[in-house]
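These are the structures, in C-alpha cells.
Two complexes come next, and they have one chain in common, chain A, joined by chain B in the first and chain C in the second.
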Partner chain A sequence: MSIDMTQFLVTFYEESFEGLEIMESELLNLDIGAADAETINTIFRAAHSIKGGSGTFGLNAVASYTHVMETLLDEMRNGKREVTQQAVAILLSSVDVLRDMLKSLRDDLPLDHDAVAASQQELDELLTGVEHGESPSSDSDLHHAEIEPELEPELEPESQMGWRICFTPHRDMLKTGNDPVRMIRELESMADIQVNVDMANLPSLDDLDAEESYLSWEIFMTDCISEIEVREVFAWVEDECDLSIEPYAGTVMEQSLDISVKSEPELNVELLEKSFNLVAPEGEKIVAQFYEQLFERFPQVKPLFANTTTEKQQVKLLAALKLVIGNLRNPETLIKTLTELGVRHQAYGIEAAHYEAVAETLLSVLQEFAGDAWTDDVKTAWSDALTIIATVMLDAYQADDEVIAVQQTAVQPAVSPVQKTASTLVEEKTAPALTTKPIDKKAAGEGRKPSTGSGTGETSIRVSIDKVDELINTVGELVITQSMLGQFGELEDLTNDHQDKLRDGLAQLERNTRELQESVMRIRMLPISFTFQRFPRLVHDLSNQLGKKVELKMSGEQTELDKTVMEKIGDPLVHLVRNSMDHGIESPAQRIAAGKPEMGTVNLNAFHQGGNIVIEINDDGGGLNAEKILAKAKSNGLIGDDETLTEEQIHDLLFQPGFSTADQVSDVSGRGVGMDVVRRNIRSLGGSVEVKSTEGVGSTFTIRLPLTLAILEGQLIRVGRETYVVPLVSIIESVQIHKEKVNVISGRGEVYKLRDDYIPIVRLYHVFGLKAESTTLDKGLLVIVETEGKKVAMFVDDLLGQQQVVIKSLETNFRKIDGLSGATILGDGTVALILDVAGLFDLSKKITTHTDFDKSDEPRDSEIDCDENKLKDSDDEAVA
Partner chain B sequence: MNDTATNAHDVDLMEVGSEGQQYLTFMLAGEEYGVDILRVQEIKGWDTVTKIPNTPEYIRGVINLRGTIVPLIDLRLRFSLAQLDYGATTVVIVIKVLNENRKERTMGIVVDAVSDVYNISNDDFRAAPDFGTAVDTDFIRGLATVNEQMVILLEIDNMCNSAELKIIDSISE
Partner chain C sequence: MATILAVDDSASMRQMVSFTLKGAGYEVVEASDGKDALDKAKGQKFDLVISDVNMPIMDGITLIKELRALTEYKFIPLLMLTTESGDDKKVQGKTAGATGWIVKPFNPDQLLATINKVLG
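Our next item is the complex of A and B:
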C-alpha cells in the first residue's frame, strides 16, 4: 500500500503557509491584556493543524517545535496565561522561524537549527518562566509537574529517560488497514526502542485467523521524545487498541534490566556476585578457557584479535569481568565504563553478533568452572547480565553515531546564515541583518516565489467554486449556441428568416465568447488582500524598530487583480510602505511639535479605475521637501545647477537611480536603491507610479497597473498601411489638429496646445520610419496618451476600431523592439504591433534629427539613418 | 509544433558528422542552397507581413503562423543580393533555429523557389574556400556537388543568430 505522499505534502505546505499567515494576522489583532478568546482559538487551531500535518508527514522537527507554540497558546486559550506583549512578540518571531523551517523542508534546504533552537528556548523560557515566577531554570521537576502535569514530559526532557508503551491492538485492527509493525518502525525511527512482544493470546495455528491481531507489545523508548509525538504515532489507531504510555524514569541500566528480566524486575545481583566469587579464584583459567572455546566455536571472530595477544586479552577480560561484578550495585559507573568500552569495541569493528558469541562462550565456560553451583537461576542471572552489558555497549555505538550526526548538523547552520544573508543582500542591501531580518527574509522569500515556483506547488491557485460554476454555465450556453448555429450549415438555402436567426445566433455567440473570456480571466484574479495581508506585520515590526507610532489603514482589499501582476507588485509595495514609514512619518516628538496626533497613519488603498487597478500608499507624514530633493539632485549631478524644475519634476527625481534624501542611511531605507527599482518593476508590468506630496501634510504614491497581462483593451490606429494597437488605458483623448495650436520650440520640438497644456507631438511615422499617408499635421489626428504623468500627442493617420487583443510576445521568436510591447493577431489573421507608449516617448527623444517637419514628405529611411552599422555587417557576410 | 517531432529532431541535430543527411535545397539568385531538412518545419507561400519598425531591411517583418508571431528574413537582402518582387512563386521556408543556449525559435526565410531534397553524406562535403573578408563563411557548413551542380549547405544557426539578432537575444533572455 504505497501512496505517493508528495502530492499531499504539497497541499500540506500550502495549507501550512496559509495557517502561518492566519496566525500572523490574528496575532497582530490580539488586544494585549484583553484577548478575544475566538482570536486565540483561531491562532491555536492554525498551529494545531500545522502540528498535526507535520506529524503525519514525519516532519518531527516542525511538529515538536509547533507543539511548544501550541502549548503556550493552549494556556492562553484556557485563561491560564495572560496575553502579554512579550508573548505576542515571541509568538510572532516563532511564526517566522516556523515559516523558515517549512520553506527549508519544502525546498530541501538544511534547517537553521540554531534559529530553531534559539526560538524554542525563548518559547520554553516563556512557558516555564511565567509558571515558576522568578527562578525558572532552577525549579524542580516536581513543582512543575504539580502545576502542569500534562506538559511535564516535553518541558523537562532531561528528567525523562523514556516511555513505557503498552500497545495492545484490538483483534480487528488489521482489518482497518493499520499495521502495528509500521507503528513500531515509526517509533524506532524516532528513538532507540526495546520491544517485547506478548504472544500469550496467540492461538494455535489451526485456530488462527490471519486477519486478526493477537499480539501485544511492550515498548520502551530510551530517548527524549515528547509524549505527543509518541501518541501521534498511534493517532490513527487510538480507538482500535489499548494504549498506555507511561513516562519511564530511571537510568538506562535499570530500564534495560527491566526489559530483559521481565518476569524478575530486579536483576539478581546477589546471585551474580555469589557465583562470580565462587569462580573468581580461578579467573585466569576461566578467561584462558574462554578464549580457547571462543576461537574454537566462532572462528570468524579471530581476525578481530589480530592486533593483540591472547595473554593481554585474557588479562583485560578478567579485569572487565571484575569491574562489572564489582560495580553491579553502582550502575552509573558501570554504564559509563561499559559505554566507553562499547565505543572502543566499535572502533575494533565488533558487531552485535559477536556479543552473542562471547556471551554464549562465557556462559558455557562459567558453567564448567562453577560445576554444581551453576543452577538454572544462576545461569539466567548471568545470561541476563550479559545481554544487558551487550545492550549498553551497543547503545554506545549508536550514541557515537549521534555524535557524528550532531557534528554534521552543526556545520549546516554555519552555512545557512551565509545563504540567508546573501538573499537578504540581494533583496535590499541592508547591512545589519539582525534588526531587519524578519522583514527582509520575508520580502526575499516572496521575491523568490516566481523562480522557485515551477518546482513546487506554488504555481497553483485556489479558485472559488462560484467562479468555476460560472465557467461551466458559460460553456453550457456556448454549446447550445454552437448547436443552434450548426443547423444553418445543413440548410441548402438561407431564407430571410434564417438570415435573421443566423445573425441573432452570431450575436449570441459573440456574447458567449466574451463571457467565457471574462470568466476565464476571472479565475486568475485574486483579491489584493493576498498582498495586503503582509503589511500589518510589516508596519507592526517597523514601527517598533523605528520608534514611531504608526497605524495602518487598509481599504479595498477585495479589489481583484491578476495573479501574475499580484506576485510582482508585492515587493515594490513593501518598499513604498517602508519608505513612507521611514521617511514619511515623523517621530512622535516631531509630530506633537507639528500639532499632529502622535500616531501616524499609513493608508493602503486599492480600487479599480477604468481598466486599471490603482493602489495608493498615503501617509500623513512630513511630505517631500522639494528644496532638499533639488539640492540633493544637484549635488548628485542628476540635474544641472541652474536647472529649474516644476514641483512634479522634482518629485519625479525620487525615482532616479542613486537618489536618496535620507540624512542617514538607516536599516530600513535610504540607500538610493529602491525607488528606481520600484518604478522599473512597475513599468515592466505595464503600469506607472507617481507621487504627490504636500510638505508638512504627507505624501501619496499612486500605482496604476493593468488588471491582467494577457489581454489588453486596445485602440487600433493606422499609420500609412500599418495598423498598431495602443493600450486604451493610456489614451486620454483624440483630437483633430488645429494648425494654430501647434508651436515649434527652437525649430525642433513640436508642441500642441490642448487647453492649458503644451503637449509634445510624436510623429509615429517618423519614429518608426514609415511611409505615412499624411505628413502635414492638419491632415491627421492626434492621440493624446499619458504615461507616468507625462502626456504625449501621437500623430497618426487614422483611428480604427477598439477591441480586446491577446498579447503575444515578440521575444519568443524574435527580440524586444523599442517602442513596442508586443504583437497581437487581428481578426483577419494579420499581425498588429502593440505600442509601448513610454518606450515610444523615449525613442522619439533619441530621434531628433528631423527639424523641418512640414516641408518634408520623405519618410526617414531607417535602414540608412539608423542601421548603417548593421548594413555594414550584412555586407561583410554577403556572399559575393 | 508537434512535441515528438521536435524531440526527434533535437536528437538528430546532435548527429552532425555521422552518416549522411538530407538537405532541402532552394534557389537564390541562380545558386542552389541547402538546409538540414530536419530543421524545416514547413514551407509556405508569401503572405502579407507586418513590418517591424527600426529593424534592418532584410528582416521583412512578422507573420502570424497559427497564433505564433514568426519573423521573416529575406535571404536575398541578407546576402545583399538584388531584391526580387514577391510573387506567387516566392517561398517562405519556416525553420527552427537554436541559439547558444539551445533554445529553439521559429523563423521564416524568404527564398526564390524550393528546389529538391538530396541525400548528402558527410564525405561529399568540401569546406568552403576562404574568401578572406569578402565572404563570411561562418554560416556555410560546406559545399557539396550533386548532379555536377554545386550546392551551398548553410549552417542555419550561425546565420540566424548572427549580428543583431543574436546580440539582442542575449539581452531579452
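Our next item is the complex of A and C:
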C-alpha cells in the first residue's frame, strides 16, 4: 500500500506551529536554576512531537535539527543538565529557526541555510560543551536521525546455513499480549521451518493455569535469514523468554528425512521409478482395482469415502502416486506435498491404522499388475516408501496436535501455524520484519508538494464544535420557516388571517437570517490570545536587549475577534508594545530615582465595548512629555510656532508622519516605521487608535476595532440623490441646524456650537462634488460623528433608515478612495458607499470650506478638479 | 474486522495511523491522550491499542499499566510508539505490560505490517 504522506502535512504544520508557540511561552516561563519539571516536559514533548512527525512525514532536515533540541531538553528533563540562561536563549532562538524552516517548507520559500547551520552549531556546542568546531560526537548526533533508520540487516554469506531456535516463553509472557503463535508464524513467513513442541512442562488439567505459558519450542529454519532478522522476531519478548539461536548445518528437508530415517526404511528411488514406470500405463486399472480390494478387505473404511465417489478417488490416487514418484528426486516438494496430503487426510478422519490398510492393499494390487517384475527388492522398496509416506503424512498430524496444545495454553483461537506452514511452506518468503527501514525516499522528498503558493495553514481555521452545532441548528430553523412561507405561494388569495401568518413568517425569517449571520460570523471569530501569545517572548527578548526590567500582564485573552482583523492587528500591536518598552518604561536606575519599583509593567488588555473590540496597551513608564513633543513638532514643521494645542492634540501629534520622540533612534523602535503607519493600518481595518498619558505615571494606547470587517451596522444618509452609509458606532447624534450656532473660525472653517463644543462642519456634497438638494445649512441636518476623540458634523440632506450592511471592498473591486471605507449593496439593488469617518475628517481639513448661507454653492468644474488634486495628494501621502 | 484504538497527542500522527489502518479495513477510534484513551477503552472493547508514549494528561506507559489492570485488556496487544532513542521507554513500557513497540519514524507499510502480524 502506498499512502500519500503529504496529505497529513497540513495538520502537521498546524500542530508544529502550535507546538513552537508552546515551547516559546514555556521557555519564557522557566525559572532559571529552579526549573519546573513539568514545564520542561511540556517543552520536551513539543520538540519531540515535531521531531517524530517530521521524521515520519519525510522532513528530514527538520527531524535532524530537532533531534539536538530534543536531546538537550531530555537531559534537562532528566536533571542531567542545568537550565541556564544561555541554554534558554539558545533554545528560544532555535524555536525561531525551526519556525522559519517549517514555514519555508510549507510555503516553498527559500530558507536561510546559513542561519540554520549557525543555530545548529550553537545547539551542538551547547550539547557537547565544546566551544568551537564540531566534535565527532556532535556530528554523529547531528545526523543521527538520518542514519538510524538504516538498520537493514545484512544477509549472511553462508546461505545454506539454518538456525536452531530454542524458544521457551516465561510463564507470564501471555500477559503482555504476546502470543507464541505470532512469532512462529512470523518465522514461517520468512523461511521454511520445522517446529517441534516440548510439552514436558505442561501440567495436568487440574493444575493448569490457562493464563500461563508452559510450552517450549524447538524451531529449525533454513534459508538465508540473518540472525538479526530472527532475533527481530523475538525483539518484543527478549526479557520474557529464554531464547537460544544457534547455527544449524543442514536444511529442514534433511532434518525431516533424518526423522523418517529413524524408522529405518530408506527410499530406493531407482527401483521405485523403474517399477512404477512399468505399471504406469495401466494406472487407471490399478487404482480401480485398489479401491475394489480396499473395500473388500477393509469394509470399515468405507464410511470415510461417504462424501466422494470412487471415480473421483481413483483419479486423485493416481495423481498422488504420479506426484510422489515424480518427485522422489525432489525431496522438498515431496515433503511439502505429503504434508499437505497429511493435513487433508487428518481432516477426513483418516487414522494411522488406515495407512496400514492402504499400504497393504496397494502393495497387493501393484504386485498383481507388475507380475514377474515384482521381486523382493521391489516389494521392499515399495513397502519402505509407503511407510515413509505414511510417517511424513502422520507427522503433519502430530504437528497439529501440538498446535492444539498451544491453543489451549494461549486461551486464544488461532490458526495452526504449522498447518499453515504445510500449505505455504515455500511460498511468501517476503519477511516484512519490524526493522526500522529508511523512509520511502519518495515520501521523504521533503514533502513540499501540497502547499504551493500561499500557506495552506493560514487558510484553514479551527472552529469549536459548538459553533458548528449552533449553525446547523439555525439552518434547521431556517428550513422550517422557508417551508412555512412556501405555503403562501400556493394560495390564490390572501385572507386577513393569511396575511397575519405571512407577517409572522417574515418576522421569523428575519430572525433566522440574523441568527444565521451571527453564527457564521462567530465561526470566523478567534480568541485574541492567538495574537497576544507572541508578546511574552517579545517582552522577554526586548527587556534583555534594552537592559530594562519589564513585566507583561495580559488580560482578556479570550476576547474574540474576526480572524482577518486579528491577522492584521498583529504588527501594529507589536509596534505599540515595542514603543511602550522603548520610550515608555524607564531604565531601572531612572525608575528607582523616581520612586517606582524597578520592574516596569506593560499591560495588554482586550475587551468588548459595544460593537467594537478594544485593545489597550498600558505602561507605567514616564508618560508623554508634552513640551518635548511640541518642540519636536515645531522643529519638524508639523505645527506653526505660535499654535496652541490642547493636550489631546499634542498627544495626537505622535501619530503624525515622520514623528519620533526618542532623542536617539534606537534599535528597537524608530526603524523608519512611525506611529503614523500604525494609525493608518488600524484605520484600514475600520478602527481607531488614541493615546492618553500622564507625565511620570504612564501612557495608555487604546485601539478600537470593529468585531468584523464583513458586516457593519450602518446609518443610511442621503446627499442629493446619493445614499451613503455611516458606521453607526461613530455617530453621536443628529441635529437640526440652528443658524445662530454656526460660526466661522479662521483656519478652521465653519464650526457648529453644540453645547460647549465647537464642531467643524463638513459639507458632504462639497467633499464628494455632488449636486445637493440643500446647500444652505439650515435646510439640512447635521450628523455628529466622532473618531479618535475628534468630532465632525456632517452636513447631509436627510437621514434614512438604519441597517446592517455587508461590506464590499472598494480596494479589491476598484481602488482605494480617501474618505470611503467600502461599498455595499442595498435592498433595492443600488450601491451605497460607506463613509470612512476618520478619513473624511482629514479630507475635510484640506478642502476649503465655504461659509455662505444664502449663496448657492454648486460646485464648479474648476473646484472639482482642485478637489481631485487634493484627493490625489493625500493618496500619495498615504502611500509614502 | 478488528477495532483498533490509536492514541497520540499529535493530530497528524493520529491521522496517519488512522488513515493507514482504515485503508486496510480496520475500524479505528482515535484518542488524544492516555486519559481519553482509557475512557474510550472502558466503553468499548478494542482488539489492539497503539499508543504514543509521551503525552500530556496521561502518558502512554501509565495508560498501558491501567489497561493491563482491566480484565478485558489482560491479553490484548498493547503497542507503544517510541523513538529510536527511547530504550528506557521500551523497558518501562514492557514492565507496564506492553506487548511491543513500533519505532518512530515509521511509514504506513511498516505500521500495517506490524499490526497485521500482531492481529494475525
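The working rule: the second predicted complex is superposed on the first by the 465 of 880 C-alpha atoms of A that agree within 3 Å, B and C clash if a C-alpha of one lies under 4 Å from a C-alpha of the other, contacts with A are read in each partner's own complex, and residues count from 1 in each chain.
Just so it is clear, a contact is a pair of C-beta atoms (placed from the backbone, for glycine too) under 8 Å apart; a residue touches a chain by one contact, two chains touch by 3 or more.
Just so it is clear, the model here is predicted, and its values are computed rather than measured.
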Touched partner set for A:Ser635, first chain B, second chain C, both or neither: neither
First (chain B), second (chain C), both or neither touched by A:Ala235: second
First, second, both or neither for A:Val767, with chain B first and chain C second: first
First, second, both or neither for A:Ile825, with chain B first and chain C second: first
Winner by number of chain A residues touched, once chain B and chain C are compared: C
Which of chain B and chain C A:Arg815 touches, first, second, both or neither: first
Footprint overlap on chain A, where chain B in one structure and chain C in the other make contact: none
Interfacial residue positions of chain A with respect to chain B in the complex: 722, 767-770, 808-820, 823, 825, 829-833, 843, 862-863, 866-867, 870-871, 873-880
Touching residues (chain side chain C, partner chain A) in the complex: 9-13, 15-16, 19-20, 23-24, 54-56, 68, 74-78, 81, 83-85, 94, 97-110, 112-114, 117-118, 120
Residues on chain A engaged by chain C in the complex (per definition of touch): 1-3, 5, 7-9, 11-12, 14-15, 41-42, 44-45, 48-49, 51-53, 55-57, 63, 71, 144-145, 148-149, 174-178, 181-182, 185-186, 211, 235-236, 239-240, 411-412, 414-415, 432, 434, 436-437, 439-440, 443
Touching residues (chain side chain B, partner chain A) in the complex: 31, 48-58, 61-64, 67-71, 77-81, 105-107, 131, 133-136, 138-139, 152, 162-165, 168-169, 171-172
